[in-house]
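The structure that follows is given in the form of C-alpha coordinates.
Chain IDs A, B, C and D follow the sequence of writing; residue 1 opens each chain.
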(Lines give C-alpha, C1' and ligand atoms only; values in the text may rest on other atoms or scores of the structure.)
Protein backbone atom coordinates (compact mmCIF):
# COMPACT_ATOMS: atom_id res chain seq x y z
CA UNK A 1 0.00 0.00 0.00
CA UNK A 2 1.35 3.38 -1.02
CA UNK A 3 1.75 5.77 1.91
CA UNK A 4 2.19 9.52 1.83
CA UNK A 5 3.49 12.02 4.38
CA UNK A 6 0.88 14.12 6.15
CA UNK A 7 0.99 16.72 8.92
CA UNK A 8 -1.22 16.31 11.97
CA UNK A 9 -2.07 19.61 13.72
CA UNK A 10 -3.36 19.90 17.28
CA UNK A 11 -5.43 22.73 18.74
CA UNK A 12 -6.90 23.68 22.10
CA UNK A 13 -7.31 20.85 24.56
CA UNK A 14 -5.90 18.34 22.04
CA UNK A 15 -2.70 20.38 21.76
CA UNK A 16 -2.50 20.56 25.53
CA UNK A 17 -2.92 16.80 25.95
CA UNK A 18 -0.45 15.86 23.20
CA UNK A 19 1.95 18.64 24.28
CA UNK A 20 2.70 19.31 20.65
CA UNK A 21 1.51 21.66 17.90
CA UNK A 22 2.21 19.43 14.97
CA UNK A 23 3.44 15.96 14.13
CA UNK A 24 4.47 14.34 10.83
CA UNK A 25 2.96 10.96 10.00
CA UNK A 26 2.58 8.66 7.03
CA UNK A 27 -0.79 7.27 6.02
CA UNK A 28 -2.13 5.13 3.17
CA UNK A 29 -3.04 7.43 0.29
CA UNK A 30 -6.57 6.03 0.20
CA UNK A 31 -7.24 6.35 3.95
CA UNK A 32 -10.81 7.40 4.65
CA UNK A 33 -12.07 9.51 7.55
CA UNK A 34 -12.64 6.51 9.84
CA UNK A 35 -9.14 5.24 9.17
CA UNK A 36 -7.57 8.63 9.86
CA UNK A 37 -9.61 9.07 13.00
CA UNK A 38 -8.65 5.64 14.33
CA UNK A 39 -5.01 6.17 13.42
CA UNK A 40 -4.84 9.48 15.29
CA UNK A 41 -7.03 8.84 18.32
CA UNK A 42 -6.18 5.18 18.97
CA UNK A 43 -2.86 4.24 17.39
CA UNK A 44 -0.58 7.27 17.37
CA UNK A 45 -2.05 9.46 20.14
CA UNK A 46 -4.04 7.19 22.44
CA UNK A 47 -3.88 9.90 25.14
CA UNK A 48 -6.49 11.72 23.00
CA UNK A 49 -9.00 8.91 23.44
CA UNK A 50 -10.70 10.70 26.35
CA UNK A 51 -11.73 13.59 24.09
CA UNK A 52 -12.16 11.63 20.84
CA UNK A 53 -15.95 11.60 20.96
CA UNK A 54 -16.11 15.42 21.07
CA UNK A 55 -13.48 15.99 18.36
CA UNK A 56 -13.59 16.11 14.61
CA UNK A 57 -10.95 16.30 11.92
CA UNK A 58 -10.36 18.94 9.29
CA UNK A 59 -8.50 17.89 6.15
CA UNK A 60 -6.66 20.62 4.27
CA UNK A 61 -8.66 23.33 6.10
CA UNK A 62 -12.06 21.76 5.52
CA UNK A 63 -14.24 20.29 8.25
CA UNK A 64 -14.92 16.60 7.74
CA UNK A 65 -17.76 14.46 9.02
CA UNK A 66 -17.52 10.68 9.48
CA UNK A 67 -19.13 10.14 6.08
CA UNK A 68 -17.08 12.84 4.30
CA UNK A 69 -15.05 11.81 1.31
CA UNK A 70 -11.36 12.45 2.06
CA UNK A 71 -8.73 13.17 -0.56
CA UNK A 72 -5.19 13.08 0.72
CA UNK A 73 -2.17 14.56 -0.99
CA UNK A 74 1.48 14.62 0.05
CA UNK A 75 1.80 16.97 3.06
CA UNK A 76 -1.97 17.20 3.50
CA UNK A 77 -2.86 18.94 6.74
CA UNK A 78 -5.03 16.93 9.16
CA UNK A 79 -6.22 19.08 12.07
CA UNK A 80 -7.60 17.69 15.31
CA UNK A 81 -10.54 19.99 16.11
CA UNK A 82 -11.87 19.92 19.68
CA UNK A 83 -15.20 21.67 20.38
CA UNK A 84 -15.03 25.25 19.11
CA UNK A 85 -15.14 28.11 21.57
CA UNK A 86 -14.49 31.28 19.61
CA UNK A 87 -16.43 34.44 20.27
CA UNK B 1 -71.37 73.52 31.34
CA UNK B 2 -68.21 74.05 33.38
CA UNK B 3 -65.15 74.72 31.18
CA UNK B 4 -61.50 74.54 32.17
CA UNK B 5 -58.34 75.95 30.62
CA UNK B 6 -56.15 73.50 28.75
CA UNK B 7 -52.95 73.78 26.71
CA UNK B 8 -52.81 72.38 23.20
CA UNK B 9 -49.30 71.45 22.03
CA UNK B 10 -48.29 70.92 18.40
CA UNK B 11 -45.41 68.82 17.11
CA UNK B 12 -43.82 67.96 13.79
CA UNK B 13 -46.00 68.55 10.75
CA UNK B 14 -48.88 69.76 12.96
CA UNK B 15 -46.67 72.45 14.43
CA UNK B 16 -45.55 73.44 10.97
CA UNK B 17 -49.14 73.72 9.67
CA UNK B 18 -50.46 75.64 12.69
CA UNK B 19 -47.26 77.74 12.83
CA UNK B 20 -47.44 77.60 16.60
CA UNK B 21 -45.95 75.47 19.40
CA UNK B 22 -48.75 75.86 21.88
CA UNK B 23 -52.19 77.41 22.22
CA UNK B 24 -54.43 77.94 25.25
CA UNK B 25 -58.05 76.82 24.95
CA UNK B 26 -61.05 76.19 27.18
CA UNK B 27 -62.97 72.93 27.00
CA UNK B 28 -65.86 71.35 28.91
CA UNK B 29 -64.43 69.49 31.91
CA UNK B 30 -66.17 66.28 30.82
CA UNK B 31 -65.00 66.40 27.18
CA UNK B 32 -64.18 62.94 25.85
CA UNK B 33 -61.56 62.04 23.24
CA UNK B 34 -63.95 62.44 20.31
CA UNK B 35 -65.00 65.86 21.53
CA UNK B 36 -61.40 67.01 22.00
CA UNK B 37 -60.42 65.65 18.61
CA UNK B 38 -63.32 67.39 16.86
CA UNK B 39 -62.64 70.63 18.74
CA UNK B 40 -58.97 70.68 17.73
CA UNK B 41 -59.09 69.34 14.17
CA UNK B 42 -62.36 70.85 13.00
CA UNK B 43 -63.32 73.85 15.09
CA UNK B 44 -60.18 75.57 16.32
CA UNK B 45 -57.53 74.43 13.83
CA UNK B 46 -59.37 73.35 10.66
CA UNK B 47 -56.08 73.69 8.74
CA UNK B 48 -55.10 70.40 10.51
CA UNK B 49 -57.96 68.51 8.86
CA UNK B 50 -55.71 67.24 6.06
CA UNK B 51 -53.56 65.31 8.56
CA UNK B 52 -56.29 64.49 11.12
CA UNK B 53 -56.66 60.86 10.06
CA UNK B 54 -52.97 60.15 10.73
CA UNK B 55 -52.79 62.00 14.07
CA UNK B 56 -53.62 61.07 17.61
CA UNK B 57 -53.85 62.99 20.84
CA UNK B 58 -51.86 62.59 24.03
CA UNK B 59 -53.47 63.87 27.22
CA UNK B 60 -51.12 64.79 30.03
CA UNK B 61 -48.25 62.86 28.40
CA UNK B 62 -50.25 59.69 27.77
CA UNK B 63 -51.22 58.41 24.34
CA UNK B 64 -54.98 58.21 23.88
CA UNK B 65 -57.02 56.11 21.49
CA UNK B 66 -60.52 57.03 20.33
CA UNK B 67 -62.01 54.81 23.02
CA UNK B 68 -59.63 55.98 25.78
CA UNK B 69 -61.17 57.46 28.89
CA UNK B 70 -59.98 61.04 29.23
CA UNK B 71 -59.67 62.92 32.51
CA UNK B 72 -59.09 66.61 32.16
CA UNK B 73 -57.76 68.93 34.84
CA UNK B 74 -57.08 72.66 34.78
CA UNK B 75 -54.07 73.24 32.52
CA UNK B 76 -54.11 69.68 31.21
CA UNK B 77 -51.73 69.24 28.29
CA UNK B 78 -53.30 68.01 25.04
CA UNK B 79 -50.63 67.18 22.46
CA UNK B 80 -51.32 66.75 18.75
CA UNK B 81 -49.21 63.76 17.76
CA UNK B 82 -48.53 63.25 14.04
CA UNK B 83 -47.02 59.92 12.93
CA UNK B 84 -43.85 59.25 14.94
CA UNK B 85 -40.50 59.22 13.19
CA UNK B 86 -37.87 58.92 15.89
CA UNK B 87 -34.83 56.70 15.46
CA UNK C 1 -42.97 54.19 49.05
CA UNK C 2 -41.11 51.67 51.21
CA UNK C 3 -37.35 51.85 51.54
CA UNK C 4 -37.07 48.78 49.30
CA UNK C 5 -39.14 50.44 46.59
CA UNK C 6 -37.01 53.58 46.79
CA UNK C 7 -33.86 51.50 46.35
CA UNK C 8 -35.39 49.67 43.41
CA UNK C 9 -36.14 52.97 41.75
CA UNK C 10 -32.63 54.24 42.34
CA UNK C 11 -31.12 51.06 40.96
CA UNK C 12 -33.39 51.16 37.93
CA UNK C 13 -32.36 54.73 37.22
CA UNK C 14 -28.68 53.98 37.54
CA UNK C 15 -28.81 51.00 35.19
CA UNK C 16 -30.85 52.72 32.48
CA UNK C 17 -29.15 55.61 30.74
CA UNK C 18 -31.62 57.78 28.89
CA UNK C 19 -30.80 61.02 27.15
CA UNK C 20 -32.45 63.35 24.64
CA UNK C 21 -29.89 65.94 23.66
CA UNK C 22 -28.90 68.43 21.00
CA UNK C 23 -25.25 67.47 21.52
CA UNK C 24 -23.31 64.96 19.40
CA UNK C 25 -23.85 61.39 20.60
CA UNK C 26 -20.48 59.96 21.63
CA UNK C 27 -20.03 56.21 21.28
CA UNK C 28 -16.97 56.30 23.55
CA UNK C 29 -19.05 57.72 26.38
CA UNK C 30 -21.60 54.94 25.90
CA UNK C 31 -18.87 52.30 25.90
CA UNK C 32 -17.59 53.50 29.28
CA UNK C 33 -21.03 52.92 30.79
CA UNK C 34 -21.21 49.44 29.26
CA UNK C 35 -17.84 48.10 30.42
CA UNK C 36 -18.82 45.73 33.23
CA UNK C 37 -16.63 42.82 34.31
CA UNK C 38 -19.62 40.50 34.68
CA UNK C 39 -20.97 41.21 31.19
CA UNK C 40 -19.56 39.23 28.29
CA UNK C 41 -21.81 40.72 25.63
CA UNK C 42 -22.40 44.26 24.43
CA UNK C 43 -24.77 45.01 21.59
CA UNK C 44 -25.05 48.44 20.03
CA UNK C 45 -27.29 49.99 17.43
CA UNK C 46 -26.44 53.34 15.87
CA UNK C 47 -28.88 55.14 13.62
CA UNK C 48 -27.23 57.68 11.34
CA UNK C 49 -28.42 60.27 8.87
CA UNK C 50 -28.41 59.03 5.28
CA UNK C 51 -27.52 61.18 2.29
CA UNK C 52 -30.35 60.08 0.01
CA UNK C 53 -34.03 59.23 0.15
CA UNK C 54 -35.90 57.95 -2.88
CA UNK C 55 -33.10 59.22 -5.09
CA UNK C 56 -33.24 62.73 -3.62
CA UNK C 57 -30.17 64.23 -2.01
CA UNK C 58 -30.72 64.79 1.71
CA UNK C 59 -29.04 67.92 3.04
CA UNK C 60 -29.89 67.39 6.68
CA UNK C 61 -32.19 65.80 9.17
CA UNK C 62 -33.79 67.68 11.97
CA UNK C 63 -35.42 66.01 14.96
CA UNK C 64 -37.82 67.38 17.53
CA UNK C 65 -38.99 65.73 20.71
CA UNK C 66 -41.92 66.13 23.07
CA UNK C 67 -39.50 65.86 25.99
CA UNK C 68 -42.06 65.88 28.82
CA UNK C 69 -43.61 62.77 27.33
CA UNK C 70 -40.57 61.22 25.63
CA UNK C 71 -38.62 60.80 28.87
CA UNK C 72 -41.33 58.88 30.76
CA UNK C 73 -42.03 56.83 27.62
CA UNK C 74 -38.32 55.99 27.37
CA UNK C 75 -38.36 54.86 31.01
CA UNK C 76 -41.35 52.64 30.26
CA UNK C 77 -39.53 51.32 27.20
CA UNK C 78 -36.51 50.37 29.33
CA UNK C 79 -38.77 48.65 31.85
CA UNK C 80 -40.42 46.61 29.09
CA UNK C 81 -37.04 45.60 27.70
CA UNK C 82 -35.82 44.56 31.15
CA UNK C 83 -39.01 42.61 31.83
CA UNK C 84 -38.44 40.71 28.57
CA UNK C 85 -34.67 40.31 28.96
CA UNK C 86 -33.99 40.34 32.71
CA UNK C 87 -30.28 39.55 32.40
CA UNK C 88 -29.59 42.93 30.79
CA UNK C 89 -27.36 44.85 33.18
CA UNK C 90 -26.98 48.17 31.42
CA UNK C 91 -29.28 49.75 28.91
CA UNK C 92 -28.55 52.96 27.00
CA UNK C 93 -31.09 54.83 24.90
CA UNK C 94 -29.83 58.14 23.58
CA UNK C 95 -31.54 60.30 20.99
CA UNK C 96 -30.22 63.45 19.42
CA UNK C 97 -32.55 66.32 18.54
CA UNK C 98 -32.11 69.41 16.40
CA UNK C 99 -30.03 69.24 13.24
CA UNK C 100 -28.11 66.02 12.61
CA UNK C 101 -25.67 66.20 9.68
CA UNK C 102 -25.24 63.28 7.27
CA UNK C 103 -23.30 60.31 8.76
CA UNK C 104 -23.77 61.57 12.34
CA UNK C 105 -25.75 59.53 14.87
CA UNK C 106 -29.36 60.38 15.64
CA UNK C 107 -29.75 57.45 18.02
CA UNK C 108 -27.52 55.11 20.03
CA UNK C 109 -29.06 52.12 21.74
CA UNK C 110 -26.89 49.68 23.64
CA UNK C 111 -27.20 46.82 26.12
CA UNK C 112 -24.69 44.85 28.15
CA UNK C 113 -25.54 41.42 29.53
CA UNK C 114 -23.67 38.29 30.60
CA UNK C 115 -24.61 36.41 27.42
CA UNK C 116 -25.04 37.56 23.87
CA UNK C 117 -28.62 36.68 22.94
CA UNK C 118 -30.20 38.91 25.57
CA UNK C 119 -28.00 41.88 24.68
CA UNK C 120 -28.68 41.55 20.95
CA UNK C 121 -32.42 41.00 21.30
CA UNK C 122 -32.80 43.74 23.91
CA UNK C 123 -31.30 46.28 21.51
CA UNK C 124 -33.46 45.04 18.67
CA UNK C 125 -36.59 45.33 20.82
CA UNK C 126 -35.58 48.76 22.10
CA UNK C 127 -35.12 50.32 18.66
CA UNK C 128 -38.40 48.81 17.44
CA UNK C 129 -40.23 50.19 20.47
CA UNK C 130 -38.53 53.56 20.20
CA UNK C 131 -39.68 53.95 16.61
CA UNK C 132 -43.21 52.87 17.50
CA UNK C 133 -43.79 54.70 20.78
CA UNK C 134 -41.48 57.61 21.52
CA UNK C 135 -42.84 61.06 20.58
CA UNK C 136 -39.98 62.24 18.38
CA UNK C 137 -40.30 63.55 14.84
CA UNK C 138 -37.87 63.78 11.96
CA UNK C 139 -37.87 66.29 9.12
CA UNK C 140 -35.79 65.55 6.04
CA UNK C 141 -34.56 68.54 4.02
CA UNK C 142 -33.58 67.93 0.40
CA UNK C 143 -31.20 69.65 -1.97
CA UNK C 144 -34.15 70.71 -4.17
CA UNK C 145 -35.50 72.91 -1.35
CA UNK C 146 -38.34 70.56 -0.43
CA UNK C 147 -38.70 68.92 2.94
CA UNK C 148 -40.72 66.07 4.36
CA UNK C 149 -41.88 64.96 7.79
CA UNK C 150 -41.06 61.27 7.98
CA UNK C 151 -43.29 58.49 9.28
CA UNK C 152 -41.97 55.30 10.82
CA UNK C 153 -43.47 52.31 9.11
CA UNK C 154 -44.15 50.20 12.16
CA UNK D 1 -11.99 34.52 -14.47
CA UNK D 2 -13.74 37.25 -16.47
CA UNK D 3 -13.08 40.90 -15.75
CA UNK D 4 -16.52 41.16 -14.10
CA UNK D 5 -15.71 38.26 -11.79
CA UNK D 6 -12.40 39.81 -10.83
CA UNK D 7 -14.12 43.07 -9.94
CA UNK D 8 -16.71 41.20 -7.91
CA UNK D 9 -13.98 39.53 -5.93
CA UNK D 10 -12.18 42.82 -5.33
CA UNK D 11 -15.40 44.48 -4.23
CA UNK D 12 -16.26 41.59 -1.92
CA UNK D 13 -12.84 41.82 -0.31
CA UNK D 14 -13.05 45.55 0.24
CA UNK D 15 -16.50 45.38 1.85
CA UNK D 16 -15.69 42.57 4.29
CA UNK D 17 -13.17 43.38 6.97
CA UNK D 18 -11.77 40.27 8.58
CA UNK D 19 -8.99 40.17 11.12
CA UNK D 20 -7.52 37.70 13.60
CA UNK D 21 -5.02 39.55 15.71
CA UNK D 22 -3.17 39.53 19.02
CA UNK D 23 -3.62 43.31 19.20
CA UNK D 24 -6.33 45.13 21.13
CA UNK D 25 -9.54 45.43 19.09
CA UNK D 26 -10.33 49.12 18.65
CA UNK D 27 -13.98 50.06 18.27
CA UNK D 28 -13.03 53.49 16.90
CA UNK D 29 -11.18 51.87 14.03
CA UNK D 30 -14.22 49.73 13.27
CA UNK D 31 -16.50 52.77 13.36
CA UNK D 32 -14.37 54.55 10.75
CA UNK D 33 -14.92 51.65 8.35
CA UNK D 34 -18.67 51.70 8.99
CA UNK D 35 -19.34 55.39 8.42
CA UNK D 36 -21.04 55.43 5.04
CA UNK D 37 -23.37 58.23 3.93
CA UNK D 38 -25.82 55.79 2.35
CA UNK D 39 -26.12 53.61 5.46
CA UNK D 40 -28.60 54.66 8.13
CA UNK D 41 -28.03 51.69 10.42
CA UNK D 42 -24.98 50.31 12.15
CA UNK D 43 -25.19 47.29 14.42
CA UNK D 44 -22.27 46.16 16.56
CA UNK D 45 -21.66 43.19 18.82
CA UNK D 46 -18.72 43.17 21.21
CA UNK D 47 -17.79 40.05 23.13
CA UNK D 48 -15.72 40.76 26.23
CA UNK D 49 -13.95 38.68 28.83
CA UNK D 50 -16.04 38.12 31.96
CA UNK D 51 -14.63 38.00 35.47
CA UNK D 52 -16.55 34.96 36.70
CA UNK D 53 -17.68 31.57 35.49
CA UNK D 54 -19.86 29.31 37.60
CA UNK D 55 -18.92 31.36 40.65
CA UNK D 56 -15.17 30.99 40.00
CA UNK D 57 -13.01 34.04 39.55
CA UNK D 58 -11.63 34.24 36.01
CA UNK D 59 -8.10 35.64 35.82
CA UNK D 60 -7.79 35.68 32.07
CA UNK D 61 -8.94 34.24 28.82
CA UNK D 62 -6.62 33.00 26.18
CA UNK D 63 -7.66 32.34 22.60
CA UNK D 64 -5.95 30.36 19.89
CA UNK D 65 -6.87 30.16 16.23
CA UNK D 66 -6.18 27.77 13.38
CA UNK D 67 -5.49 30.77 11.16
CA UNK D 68 -5.00 28.91 7.85
CA UNK D 69 -8.54 27.57 8.21
CA UNK D 70 -10.15 30.39 10.22
CA UNK D 71 -9.56 33.03 7.54
CA UNK D 72 -11.22 31.12 4.69
CA UNK D 73 -14.04 30.09 7.04
CA UNK D 74 -14.54 33.74 8.00
CA UNK D 75 -14.73 34.67 4.31
CA UNK D 76 -17.36 31.96 3.81
CA UNK D 77 -19.21 33.28 6.86
CA UNK D 78 -19.29 36.79 5.39
CA UNK D 79 -20.56 35.41 2.07
CA UNK D 80 -23.37 33.57 3.86
CA UNK D 81 -24.34 36.68 5.78
CA UNK D 82 -24.38 38.76 2.59
CA UNK D 83 -26.40 36.13 0.76
CA UNK D 84 -28.99 36.28 3.56
CA UNK D 85 -28.91 40.07 4.02
CA UNK D 86 -27.90 41.51 0.65
CA UNK D 87 -28.35 45.15 1.69
CA UNK D 88 -25.42 44.94 4.10
CA UNK D 89 -22.76 47.32 2.79
CA UNK D 90 -19.94 46.78 5.26
CA UNK D 91 -19.26 43.78 7.42
CA UNK D 92 -16.57 43.57 10.08
CA UNK D 93 -15.54 40.37 11.85
CA UNK D 94 -12.54 40.80 14.12
CA UNK D 95 -11.28 38.24 16.62
CA UNK D 96 -8.49 38.71 19.10
CA UNK D 97 -6.17 35.82 19.99
CA UNK D 98 -3.68 35.31 22.79
CA UNK D 99 -4.42 36.65 26.25
CA UNK D 100 -7.47 38.87 26.61
CA UNK D 101 -7.76 40.59 30.01
CA UNK D 102 -11.12 40.93 31.77
CA UNK D 103 -13.44 43.59 30.18
CA UNK D 104 -11.39 43.71 26.96
CA UNK D 105 -12.93 42.67 23.65
CA UNK D 106 -12.29 39.20 22.22
CA UNK D 107 -14.57 39.79 19.26
CA UNK D 108 -16.10 42.73 17.39
CA UNK D 109 -18.73 42.08 14.75
CA UNK D 110 -20.40 44.96 12.96
CA UNK D 111 -22.57 45.64 9.95
CA UNK D 112 -23.72 48.80 8.22
CA UNK D 113 -26.77 48.82 5.97
CA UNK D 114 -29.33 51.34 4.72
CA UNK D 115 -32.03 50.04 7.12
CA UNK D 116 -31.85 48.68 10.61
CA UNK D 117 -33.26 45.17 10.42
CA UNK D 118 -30.63 43.87 8.04
CA UNK D 119 -27.76 45.32 10.05
CA UNK D 120 -29.07 43.92 13.34
CA UNK D 121 -29.89 40.48 11.98
CA UNK D 122 -26.65 40.23 10.00
CA UNK D 123 -24.63 40.79 13.17
CA UNK D 124 -26.75 38.28 15.07
CA UNK D 125 -26.25 35.67 12.33
CA UNK D 126 -22.53 36.39 12.10
CA UNK D 127 -21.83 35.87 15.81
CA UNK D 128 -23.92 32.66 15.83
CA UNK D 129 -22.02 31.34 12.81
CA UNK D 130 -18.67 32.41 14.21
CA UNK D 131 -19.29 30.46 17.40
CA UNK D 132 -20.48 27.42 15.46
CA UNK D 133 -17.96 27.28 12.61
CA UNK D 134 -14.75 29.21 13.10
CA UNK D 135 -11.79 27.15 14.40
CA UNK D 136 -10.90 29.25 17.43
CA UNK D 137 -10.55 27.97 21.00
CA UNK D 138 -10.79 29.67 24.36
CA UNK D 139 -9.06 28.68 27.58
CA UNK D 140 -10.33 30.14 30.84
CA UNK D 141 -7.82 30.44 33.70
CA UNK D 142 -9.20 30.69 37.23
CA UNK D 143 -7.89 32.24 40.42
CA UNK D 144 -7.73 28.76 42.00
CA UNK D 145 -5.04 27.70 39.50
CA UNK D 146 -7.37 25.53 37.41
CA UNK D 147 -8.14 26.13 33.80
CA UNK D 148 -10.75 24.96 31.35
CA UNK D 149 -11.10 24.74 27.56
CA UNK D 150 -14.52 26.14 26.80
CA UNK D 151 -17.10 24.70 24.43
CA UNK D 152 -19.69 26.82 22.61
CA UNK D 153 -23.15 25.49 23.22
CA UNK D 154 -24.57 25.98 19.77
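Throughout what follows, a residue touches a chain if its C-beta (ideal position, glycine included) is under 8 Å from a C-beta of that chain, and two chains touch if they have at least 3 such contacts.
Values in this document were obtained by computation on a predicted structure and should not be read as measured data.
S.K.: Name the chain whose C-alpha centroid is farthest from the C-alpha centroid of chain C.
M.R.: A
S.K.: Using Cα averages as centroids, what's the distance between chain C and chain D in whole Å?
M.R.: Between these chains, centre-to-centre, one finds 24 Å.
S.K.: Express in whole angstrom the distance between the two chain centres, defined as the mean CA positions of chain A and chain D.
M.R.: So the centre of chain A lies 26 Å away from the centre of chain D.
S.K.: Based only on mean CA positions, could you tell me how far chain A sits from chain C in angstrom?
M.R.: Chain A and chain C have C-alpha centres separated by 49 Å.
S.K.: Mark out which residues of chain D touch at least two other chains, giving numbers and ranges.
M.R.: Residues 47, 116, 127.
S.K.: Provide the list of chain A residues touching at least two other chains, using ranges where the numbers run on.
M.R.: Only 87 qualify.
S.K.: Among all the chains shown, which pairs meet the touch rule set out at the top?
M.R.: Listed by label, chains in contact pair as A-D, B-C, C-D.
S.K.: Residues of chain B touching chain C in their complex?
M.R.: Chain B residues touching chain C: 9, 11-13, 15-16, 54, 58, 61-63, 77, 79, 81-87.
S.K.: Using the touch definition up top, name the residues of chain C that touch chain B in the complex.
M.R.: Those in contact with chain B are residues 47, 63-66, 68-69, 72, 95, 106-107, 127, 130-139, 149-152.
S.K.: In their shared complex, at which residues does chain C touch chain D?
M.R.: So the residues of chain C touching chain D come out as 27-28, 31, 35-52, 102-103, 114, 116, 119-120, 123-124, 127.
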